[in-house]
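A quick write-up on the structure given underneath.
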Amino acid sequence: MSVETTLLVQTLVSGLLIGFVFALISVGLTLIFGVMDIVNFAHGEHLMLAMYFTYWLYTLWGVDPLYAVPVVAGLLFLLGVLTYRLVIRHVLDAPMLAQIFVTFGLMVFLRNLAQLLWSEDFRRIGDTLVTGRLELFGIFIGTPQLVASVGAALTTGALYWFLKNTRTGWALEATAENKEVAGLMGIDPERMFALAWGLALASVGVAGALLATFNPIFPEVGAVFVLVAYVAVALGGFGSVTGAFVAGIIIGVVQVMGGFLWEPRFKTILVYGIYLGIVFIRPQGLFGRR
Amino acid sequence: MIRRSKLLFTVVSLAVVLAVMVAGCAAPAAPGPAPSAQEETAAQAPAGSEAASEAVNEILVGAIYPLSGSLAATGVDLKNAVELATDIVNNEYDLNLPLAKTAGLPNMGGAKIRLVLGDHEADPEKGAAEAERLINNEKVAALVGSYNSAVTATASQVAEREGVPFLNPESTSPTLTERGFQWFFRTTPYDKLFAENFFQFLDEMKAKGYDVSNVAILNENTLWGTDVATLENQYAEEYGYNVAANIPYEANAADVSSEVQKLKAAGEAVLLQASYVSDAILYMQTYKQLDYAPTAIIAMDAGFVASEFVETLGDDANYILSREVWALDLAESKPIIKAVNDMYKERYGTNMNGNSARAFTGMLVLADAINRAGSTDPAAIQAALMETDIPADQIIMPWKGIRFDPETHQNTLGSGIIVQILDGEYKTVWPFDLASAEIVWPFPKWSER
Amino acid sequence: MALFEVHGLTKTFGGLAANRDITMRVEQGEILGLIGPNGAGKTTFFNCVTGFYPPSAGSVRFQDQEITGWPPERVCQAGIARTFQIVRVLGDLTVLENVMIGAFLRHPRVPDARRKALAVLELTGLADRQDQMARNLTIAGKKRLELARALATEPTLLFLDEAMAGLNPSEIHAAVAIVRRLQEQGITIVMVEHVMKVVMPLADRIVVLDSGQVIADDVPERIAANERVIEAYLGEKYRAAS
Amino acid sequence: MLRNRLPQLALVALVLFLLVFPTLFPEPFLLRTMILVLLWSVLGLAWNIIGGYAGQVSFGHAIFFGLGAYTSTLLLNNWGISPWLGMLGGALVAVIVSAIIGWPSFRLAGHYFAIATIAAGEIFAVLFRNLKWAGGAVGLYLPIVRGDRLVDFQFNESKAMYYYIVLGMLVATALVTYWIERTRMGYYLKAIREDPDAARSLGINVTRYKLYAMVISAALAAMAGTFYAQFVLYVSPKTVFPLALSIQMALVAILGGTGTLAGPIIGAAVLIPMAEYTRVYLAGRVGGLHLVVYGLLIVLISIYQPGGLMALLRNWQHRRRQRKLAQAAPVTAPAGGMGDGSV
């Protein structure tokens, strides 16, 4: 391959790799919104917590991030349910503002708590099972990034299968469709909401653990990813798992390709611009219903 | 029911907080400012107004630093440094530093300096507010600070308005000394000089027979990075180097592969990079992942000299060149550095770094001026600052001394050094006569390390 | 010339038609009952003619004016008011405020709007609850409030979407009384009802929808005897029973 | 008799207090804090018009604040145009931009809108970081003008003038809000907030009224921006365009109580001094603890008092009224969503 094509392909690959991570993060965000019309503004901080959990598991007990994935996912599932029970449940009938601000407050709280306890220092998990990189035809692929992408794809797949092929999954979707009806069908919305939070944070937990294998860990790390996630969620249509997943990948590619072909510093403008463009033409997003 | 759930919530949330607190204390890197800081601020709160009256045997100096928020860690270093300097001034120490051998300020009957701290959270507006407060409420005689160039800008603007001397030991944005301020003084050499150093260094490398004609410029595009890039471009032209690529990027990115791809596309070049720590680390990882190895990476300190940089990257951090203002290994040619660093380490548990060393020096310079002024009258202090002339052997910096330009009030004797990370340690490699280690050049290919 | 005419109105959602080629007319001053089993497309029809859905085909005329595809606000300004099947009161506002918001359409100034609103509250028997938060009303109260709010816009034609659903007999009785009073005031009314026996005594004429089509359009007496109607409803009964 | 006058009397007392404040407490830091309180009250009220009354949660209001600050500053630095004219210029720019952003965004449902505004905000931040003629990331310094002349809109000897200017702005903003609340517009905005479809069915042109609210809100925020620029004498993307700023505008409003006149003012009066003094007294000790407390505070408010501090007051009043008219109509319990007919 000529140098130019190699560069282009390399860029495309990098875009895809980061895109998958965006995708997984967005999936959790969209699930909560789909089921209960609430945007979790603390989503980035939950990602941050997941990364710290992974870090502590690694430093205190030498658990490799790869093995930590299920543990962290479990921990965050619990955290999700807890968050719902302690916080979200209280604002279900509150005005939208309160709903937005409750999770926003959570964000401020968690981020600064992390700063207070664990300081601003950057932490990184040194050697993991997935350290290193592959080279194919002059294209480089970081193993951790690759693993993360695969993990992201698998997790989303599993989630999708669960929603489509299990009773609970249906119940969840029914609740998303229409709470009254779901209620009449004898589904307890409360349980579904709690479940949604659990699953959402579990998936962000997976993302965090995988991300921790190659991304430095610090209190603001969530902010770096979450804005993109919002865009992905809206782009894919609030509540649509597939939508968020695809949108996440699209954004990854657009960002990296655009940055390479255009001015890198305008990457963000590109992403948000496209977002605005699409929602103005199609307010329900790419895959959004109604 | 409601009541119960409320209670439950409060109890649990408290429990959670406590739990995490405990967990946090277990964490190695938990921040804990030195106790001395607490007494100080505790004393400061009530004191304030009456301090003005007893100003005779106590001179108040305000220090404005990012003590909380995202730069808290750095802020604490800086605070410790000015505290140490104050202590050296106030008590007798056998050190060859201004005012060390005497207790307090001899010209003012041994009056002692008391620091009053201000926290600006890296926010220019808050910086200005603190300057306002320290000057008017605490009645400080002068100010030091404030690390972030943007904050220094606004805080010194207040000082300029109020007519109070503002000594800036560690902000390097060129614009600061180009405002024609009467009350603003800067001891640290600034980016203009550092940028020029790069090309002087490259010329000397050329002289040694290495091929360096292309440079690529990569900078985060906030205040600081932009300034740096502008200067580097200027000097590249002046010194006749070809700028192969010029890439400003958005700080705190999640992914920088497109930037790195652009660099690769630019081909062989010496990379001049200006990044804060999160980006610096991400870039190094991406360089490795995409196998990008330029002729050399010369960084404009910041992220590349932050303690996390080496901690996080380990061996991957090696061979990075960075401009510095200070390095511990300078002690080999300047013993005073060791003496001071030992005191610092004993009190605060860490070694000094470029920031603390500069803050320390700045505080001494200010104290020296106040002493020579012989009063707390701002005008007198300002005049004394203008007269400042401290020889090289009385400072812990690798400078030729301290003397302020009558126009810009920029220290004209400052100079920078270039360090290289070798086995995880910062070694001075330039100027060659101060070097404590042999420079590794060019930057080794990733596959060969 | 009829007050309100619909010609060949069709509304499809992704292939399946909720309304198929509906043609009907509403005469000045009459009460028209629009009935049909669940999913017959009654509400869709309402949403089409009041501008909430753009019709896929067909035309809607009101007072010799083509209003097809007009946005809801414009339809309302033209003189067509509606209530919603699932009540949509403005919960965080008081009963009075709810009605005033309707009244503002014809009375931009606050005092006038309040006067108008109070009058309507009087008419609909909500006067004693004017300071209550709308969300605290019972279902019957909310439905009545929606009606009052719609009336406050001083419509010529009023669409009531299951205004009686979920009310107990005495509440229904009251509601019926109100509707009659409105007719006396010369307001033309189209009322969707699921329960036939409510409309029978009230309506001058009844149109029956089933699976999106008009299957009957006649005076109540004969509707009651209409084969297809009974069939449609029997089917419905069975469905309901199962 | 007197009890019914109580609110008016309180108001008069408050106004008098505010008028003499600088003479009572000439001490600069206190005065500065007070100025910030007033400034944030203005911003809170401005945000409240679109976010509180119309219920369109905007996380992009920093855009308008920033445009106000930049417009006046650029006009002043490049052509020496008085900041007072600059203030109007900024308001005008903000009006245009807000219309351009608002028009399409209003088609978006609640959360889409919130995020669209975040996106717009980010775009402006990046844009201004890269606009050379607007100082780029370095930002713009305003020249120090001695003499404290009103026309210069810059006062170095005493902050009092800044105080009275921002106080005037607050009064103006409050009057605008009061006017909105007492006219059809206020009712319409509330209707739109509660249920856009119901609003449309009542002949309300939802988009138009949202746009009115947005434009007014933006203009006011922009004027506050100009004031800020003149007050700090430094403008940069980092200081006038950050998301945090947009969020604090909303926070001030929600803390005090959205959709009310007094709410944002109360919110600012509580939040800003808290922020300032925690910073002063915690300096160097437990860095950032106050931010943790904020977070918790916001969560607790949203859960237990979504109406903000105002709701507390209102409940208290309400209870007093209830006690007065013992024979009030019995408030019937809300009927659950299930009964609302089939779907």
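Going by the order they are written in, the chains are A, B, C and D; count residues from 1 in each one.
Everything that follows uses one rule, which is that a contact is a pair of C-beta atoms (placed from the backbone, for glycine too) under 8 Å apart; a residue touches a chain by one contact, two chains touch by 3 or more.
These figures come from a predicted structure and were not determined experimentally.
The most central chain, judged by C-alpha centres against the centre of all protein C-alpha atoms, is D. One simple way to say how far apart two chains are is to compare their mean CA positions; for subunit A and subunit B this gives 36 Å.
Remark: subunit A and subunit C have CA centroids separated by 45 Å (rounded to whole angstrom). Between the CA-based centres of subunit C and subunit D the separation comes to 41 Å, rounded to the whole angstrom. Multi-chain contact residues, meaning those touching two or more other chains, occur in subunit C at positions 92.
Residue positions of subunit A touching 2 or more other chains: 87, 90, 95, 113, 115-116, 265, 268.
The multi-chain contact residues of subunit B, meaning those touching 2 or more other chains, are 9, 13, 31, 72, 221, 248, 250. By the document's touch criterion, interfaces exist between A-B, A-D, B-D, C-D. The touching residues of subunit C, when paired with subunit D in their complex, are 38, 50-52, 71-74, 76-77, 81-82, 84-93, 97, 100-102, 104-105, 108-110, 113, 128-129, 132, 135-139, 141-142, 149-150, 153, 162, 165-166.
On the subunit B side of its complex with subunit A, the touching residues are 5, 8-9, 12-13, 17, 20-21, 23-25, 27, 29-31, 70-73, 221, 247-250, 252-259, 261-262, 264-265, 277-278, 281-282, 285, 288-291, 307-308, 311-314.
Those residues of subunit B that touch subunit D in the complex are listed here as 6, 9, 13, 31, 33, 37-38, 40-41, 45, 67-69, 72, 75-76, 79, 117-119, 121, 123-126, 128-130, 132-133, 135-137, 150, 153-154, 157, 160-161, 173, 175, 179, 221-223, 225-227, 248, 250. By the touch rule above, subunit A contacts subunit D in their complex via residues 33, 37, 39, 87, 90-91, 94-102, 104-113, 115-116, 178-181, 183-184, 227, 230-231, 234, 238, 265-266, 268-269, 272-273, 275-276, 279-280, 283, 285.
For subunit A in complex with subunit B, the touching residues are 3, 7, 10-11, 14-15, 18, 22, 56, 86-87, 90, 113, 115-124, 126, 133, 135, 140, 142, 145, 214-216, 218, 220, 223-225, 228, 252, 255-260, 264-265, 267-268.
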